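First, the structure itself, so that you have it in front of you.
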Amino acid sequence: MSLHRQFGRQPVLMIGATILLVFVLAALLAPYISPYDPVTQNTDLRLQGPSWAHLFGTDNFGRDVFSRVIWGLRVDLQIAILGVVFPFIIGTLVGTVAGFFGGLVDAILMRLIDVILAFPFLVLVLSIIAILGPGLTSFYIAMALVGWVSYARLIRAQVLVLKNSDYAVAAVSLGFSRARIMFRHLLPNAVAGSVVFSMSDAVIVLLNGAAISYLGLGVQPPIAEWGIMVAEGQPFITTAWWITLFPGLSIVVLAFGFSLFGDALGDVLGVKE
Amino acid sequence: MSAPVLAVTDLTVTLNRPGGAPRLLLDRVSLDLGKGEVLGLVGESGSGKSLFCRTLVRLLPSRNMQIENGRIMLGEQDLAQASETGMLSVRGGRIGMIFQNPTSHLDPVMSIGNQLSEGLRYHQKLDAPAARRQAIAILRQVGFPDPERQFDAYPHEFSGGMRQRAMIGVALSCNPEILIADEPTTALDVTIQAQILQLLMDIRRERGLSIILITHDLGIVAQTCDRIAVMREGRLIEQGRKRELLRSPDHFYTKTLIGSHPSMPSPAMEKKALTSPPDFRATRDKPLLKVEDVDVCFAGAGSLLGKQSGSVRAVAGASLEIMAGEIVGIVGESGSGKSTLARAILGLTPITSGNVTFDGTSLRGDPGAFLAKLRRETAMVFQDPYNALNPRMTVGEMLAEVLKVQGRIPQVDIPARVGELLDLVELGREFAERRPRSMSGGQCQRAGIARALAVNPRLIIADESTAALDVTIQAQILDLFRTLKEKMQLTLLFIAHDLAIVRNLCDRVVVMNRGQIVEQGTSLQVFEDPTDSYTQALIRAIPDIDPDKSLLPLADREMA
Amino acid sequence: AGILTIGRRGVSTTFDPIKTAQNVDFWVFSNVYDVLVRVDKSGKVLEPGLAESWTVSEDGLTYTFKLREAKFSDGSPITAEDAAFSLQRIRDDEGSVWSETYKVIDTASQGDDPRTLVVKLKTLSAPFLASLAMPGASILSKKGVESMGADAYAENPIASGAFMLKEWRRGDRVILEKNPNFWEAGRVKLDGVEWISIPDDNTRMLNVQAGQLDAAISVPFSRVAELKKDPELVVTQNTSTREDHLLINHEHGALAKKEVREALDMAIDKQAIVDTVTFGLGEVADSYIPKGALYHDANALHRAYDPEKAKQMLADAGASGLTLNYVVNAGNEVDEQIAVLLQQQLAKAGVTANLQKVDPSQSWDMLIAGDYDLSVMYWTYDVIDPDQKTTFVLGHDSNMNYMTRYKNDHVKDLVAKARTEMDPAKREAMYMEIQKTAKDDVHWIDLYYSPFISVTRKNVENFYQNPLGRFFLEDTIKN
Amino acid sequence: MHRYKFVLYRPIQFLPVLFGISIVTFVLVRLIPGDPARVLLGTRATPTAIANIRSQYGLDEPMWLQYFYFVKNLFHGEMGKSILYKIDVLKLILTRIEPTLVLVLTSVTLSVLIAVFMAALAARNHGRFADHAVRVVSTAGIGFPPFWLGLMLIILFSVNLDLLPVSGYGRTLGDKVAHLILPSLTIALSLSTVLTRSLRAAMVEGLRSDIATAARARGMPERVVFWRHVFPNSMVPTINLLAINIGWLIGGTVVIESVFAIPGIGQLLVRAIFSRDYMVVQGVAMVLACATVLINLIADIVTVAADPRVKL
């Protein structure tokens, strides 16, 4: 199977990939394509509705919302990617090990997962952020500490099935080492579902960032970040709707891109939708 | 033949491929089915047998397929033109289907009884209690011993054979005139297969049903059908009365099909019969593999509170010796412990008691050394060709990995060796780039064998490595094994359902029943003169291609 | 007539007046409990409450209060014993968060008759009378507290104010009904009041807009203009004693230099803050004593906004390229907006402010530990006397002058003296001097004063607060 | 029925988990810098006053001793006293738990209903307009921040159309229902998107499955094929997905409670975290953990009931 032929044949994947590609490009080119500086205030131009000069209007400091949305992309892609990559790696490792070894290792890891799952998610994230001090790094750490659990669960369930599959048994019978069996044979086959999930997870992470900003912690001002922009636009939601709407819509479009890409990736990687 | 109940003329089905020319899947198929007739539909895998039957009730497997042309006359009605609502009363009510794989066609979350009464209530407009009574009667008719209780049981609580019968029951519940049975016995062992075929014949007698029976086993056709139709590449290449067609086939493909049927005495077999097999026991003092009194138990389900409820003794006190260079077959019905024994021998399933010795090292003696030696000098070919290969690796990567881990040949020589291995199993070298999903069952099977050979093993255990293949490919693989035995002094432990193949290939045969070895001996001894009653039943259940040697006698139906 | 429903941000935590310092609690206490002496609507004058009149002895140490004939909600009379008990309690109880303020009381006891209360002070105290007006010093029923226990009393208080607690749905609302035994019951027009907690600002406003609440307080500045346009609504702005200011850590490097602090003051465009953050509703602040409060210095020094000069001054003081650590209170919209503005303004003067957003419980710790350079805080009066705030801010107390670490012994002495100076004119002079010196020293940077803003439906009349925040619901009418 | 035996041993398995949660919460909340006294005292806090409050609530004791007291109290069915609210934590939680539980239950029910409706619509019209529409709506739906969605619903239904209450939680049953519609809908719109995606996939798969073909082959009309065979079979994986999402859901109610001013346990928790009301954070964490486990248990029971093959 040629991967890139598959890509070509998948319109859904094409749309998703295009959205993501455009976003990544926009993030990379932010300094060149954003018409204004994202943090420079101009109090004479506050709360202006969308116009040709300011496509998405201006916020309460007179900053150009369009430029902030573009610059926000940098932070948000980073959040979406890093906030998923760390949990993904940790969860995948833990899930593989737990599923493969079973027994005591599995029991201990699963109880740990139970603890984290049963633990109110927000307490954990808020506490971790409070302990480490607000900011992107704390947010990543918090998301990683909490988020790996879903991946571990997904992977473990897969590995539990796959380790009894004939090709895993075949690998044992061929005298392969445990590490090789786990990471060369089981993991690549178990990971597809998690890859798909990670796409929705990226959006969920973004929204968690927004929720945490709404509750009062989050990225430091005056950084442009969509979640924060939505949260900061709250006071103006009835008067200057554009401050919230455009970053909100951007989250939606990004979510859309990720989901489509994830769905299609799933098909390509051989998961049913 | 009286007026046909079903007359198919020029049925053509095409598959529209996005960005490609449409493919012709059924090419002007014309076929009649008479009342009370049993029609056998045979042909190679992928020839369109299943598709033909599904087209009859307009349940095409893909949206991209369409009936291009042709008529399907059921009485006065042309099903090819009938409306979708019109089809509702035809499906089930007039044409019933028994699907090839009951496990996937029965609804796992609905009780067997309800699946039966669904049809009764819908087609015969019975009320719930009446439908239940009727369903119980059908369950009894298709051979459920305790239908009142089993009415409420779910599919997974039954064995494969029982599920197949339930599937027949479901089809019968709609009281159809025509029954289409798509390979109703492929997954089953011979004894159960015989029972099910017998059941179909009984029902035909009782209800005057017309039956289309699809199979790739000519033996079955010979035993049950009135007429035979042969398909190949979407075309009906030949049809005719059973005896005539078997005796004097026209088409070369039909000839190959008949010729490669395992119940036909092969040249190798003839030779074996003449020169009595070498007695390995006498020539070598020490066996390569020695299995002593092995027990394997599995913990039953639902024992978390500590109580060991219902543990399964999959292998019970098996003892076995295999000499170097010998081909030994293991036969026995489904669930008799064949695979478990194989895995236990290779240390893939822990044994509960007993001992295994391989070339001097023993499991009880030094487990570490024993396993290390096993991993280097033995290999297994798995039953299911698709599942035994890592779907993410190409055949080349897979073989190279084995060679690398074994570390017997230098890194630089690996690609060359991979090529050699592919040659050995008669796969083209270009297969090194292919992944299992793009390969046919037979090709996967050969890749699996190549992997086993990469180890350079002294012993190969092949677990039902031909069950999924149609006869022509089967024959190829068996030839490969024979050649390897000659060339490489390979020792082979060959597990199979299909007694005919074992008889053809193996020097010695071991018969298992319920975890125990009930009989072993040379192929000739076991097949010509079985001592154990179970073995006798097993052998008698082999459908012979000769229609005059009848199927399992009625008297034996109660056993097994 | 009718029941007035008011939306607010926070939730009530207790009805035990000595155990909280939060405005959300205080503002309800003054509906439920009466105090001996009240602050009037202007926020500058004390007027009789449960004490009908009072006299002070020659030496200024003994106060004799004449209680009026009044009853608790359970019908029992409010006696000097109850008043004495309440004062002793706020001074002595281990759960009291106010004990330090009332340590000045030596004894409080019944005088000649049950309606005479005699309070003896340890030292002269100018702010003493004003401190009696604080909701913490509400009068509770001694019998009630003793028989029920303080905890049960706090759940089921016996009221001495205009309303009594009918039901308290924790986390949701406090439901008050008219107290028929209130001594001014005739003045009360409402049948009851519900304080409903709605944390989200938008939701709270929408409730009033949709007519599901009669009133909402803590109207965000950004919403005022829009709400004013709605003919169904009335937006009320009441002068408050709230002042927002920028704390400076005097012990941190260059900030120890007065010139640097002056430069910072000049680098900050307060008018821009007023315009942007308060939407013009606030007013630039020049003194730590709020405008409209007692002894406010109307002619306080105003350093004009001049970033260029500020930059120059910083350079002269050898502090160009100054980098400061600015602690921001997370979850406070206004604080965050100020921070964003200040960051850019300071940048114009060549000062880099690194924002560090932490939640309030934590920022307090950092301020106390001196782990900051700049931080915005605000203060609202609890008592009309400037002594309370002055002591905290300039009295060189244990909080290191509100964590600024400002030191000026002259100011310190003046604050102590002003506390015991009973002559209002002299006191006023002292406070003027304190304000001048502190401003000159740039003890902190005054930013702006802002009003209390509430919104009501048109049918509600007389819904207002005094500058200390007290609502006069006894005057409110719902048509 | 021994298939349901897990109902008995699951709580026993859960004991160590509960123990773990108690330790984690306990340590975690105390690691957060800041002080409960600060909140009580507001800006008037002084070091002496803070020390006074710390000693009153035993916060100046060594950590292990505090933990010991905490566990000891637990065995007496107490969870200590709230610093902010000055009453027993358990009592406090009991007054606040109902709205949250009801909210979670109604949102779950609603999201399942929405998901089933949307997924069925999409799957039965696979590849056609309705299907694409559902896919767009459900993928985009994930991206809307719930607090924004909530406000929009309020503006639309409560302010402009004046159909439903803006916020709060009712007293009588009818009142509660009216108050719960919008918040449940907000949560359900987010949650159902995830469910719809999985359910739709399962249903599309199911409609192509052998089970469906078999049912069609016995002449069942499409309606019966779908609702009696495809639908029950596709519910099983979705229930599991739902169970995994329960923790997230309970976390998610915090924001919704805040937007809709629902006096639930989520708001209590957030305030408690911000004011370092240790006892309340601990208590709520324990209670929510138990709730999560309970809901998971229910999900398992439903799974077992829905799929006779499942053994737990």
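A, B, C and D label the chains in the order they appear, each numbered from 1.
We take it that a residue touches a chain if its C-beta (ideal position, glycine included) is under 8 Å from a C-beta of that chain, and two chains touch if they have at least 3 such contacts.
Which protein is which chain? UniProt says A = Nickel ABC transporter permease; B = ABC transporter ATP-binding protein; D = ABC transporter permease.
What you see is a predicted model; the values in this text were computed from it and never measured.
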Using direct touches as single steps, what is the fewest number of steps from chain B over to chain C?
2
Relative to the centroid of every protein C-alpha atom displayed, which chain's own C-alpha centroid is closest?
D
Please identify which chain has its centre, taken as the mean of its CA atoms, farthest from the centre of chain D (ABC transporter permease).
B
Separation of chain C from chain D (ABC transporter permease), taking each centre as the mean of its C-alpha atoms, in whole Å:
38
Euclidean distance of C-alpha centroids - chain A vs chain D (ABC transporter permease), Å
21
Geometric centre distance via CA averages, chain B-chain A, whole Å:
47
Using mean CA coordinates as chain centres, what's the gap between chain A and chain C in Å?
44
Sites on chain A at which at least two other chains make contact
130, 215-216, 234, 237-238
By the touch definition above, chain B meets two or more other chains at residues none
Touching two or more other chains in chain C are residues 202, 206, 331, 359, 362
When you check every pair of chains, which ones turn out to touch?
A-B, A-C, A-D, B-D, C-D
Which positions of chain B touch chain D (ABC transporter permease) when the two form their complex?
54, 57, 59, 61, 63, 87-93, 96-97, 99, 101, 104-111, 118-119, 122-123, 154, 156-157, 167, 170-171, 173-174, 301-302, 304-305
Which residues of chain C touch chain D (ABC transporter permease) in their complex?
11, 13-14, 16, 19-23, 94-95, 97, 100, 151, 154-155, 169-173, 196-200, 202-204, 206-207, 209-210, 212, 331, 359-362, 364-366, 368, 377-379, 382, 392, 397-399
Flag every residue of chain C that touches chain A in the complex, lowest number first.
201-202, 205-206, 220, 222-223, 225-226, 272, 275-276, 328, 330-333, 336-337, 339-341, 343-344, 355-359, 362
In the complex with chain B, residue positions of chain A that touch it:
1, 9, 165-167, 169-177, 180, 184-185, 188-189, 270
Could you pull out which chain D (ABC transporter permease) residues touch chain B in their complex?
2-3, 5-6, 8-9, 127, 209-211, 213-221, 224, 228-229, 232-233, 236, 306-309, 311
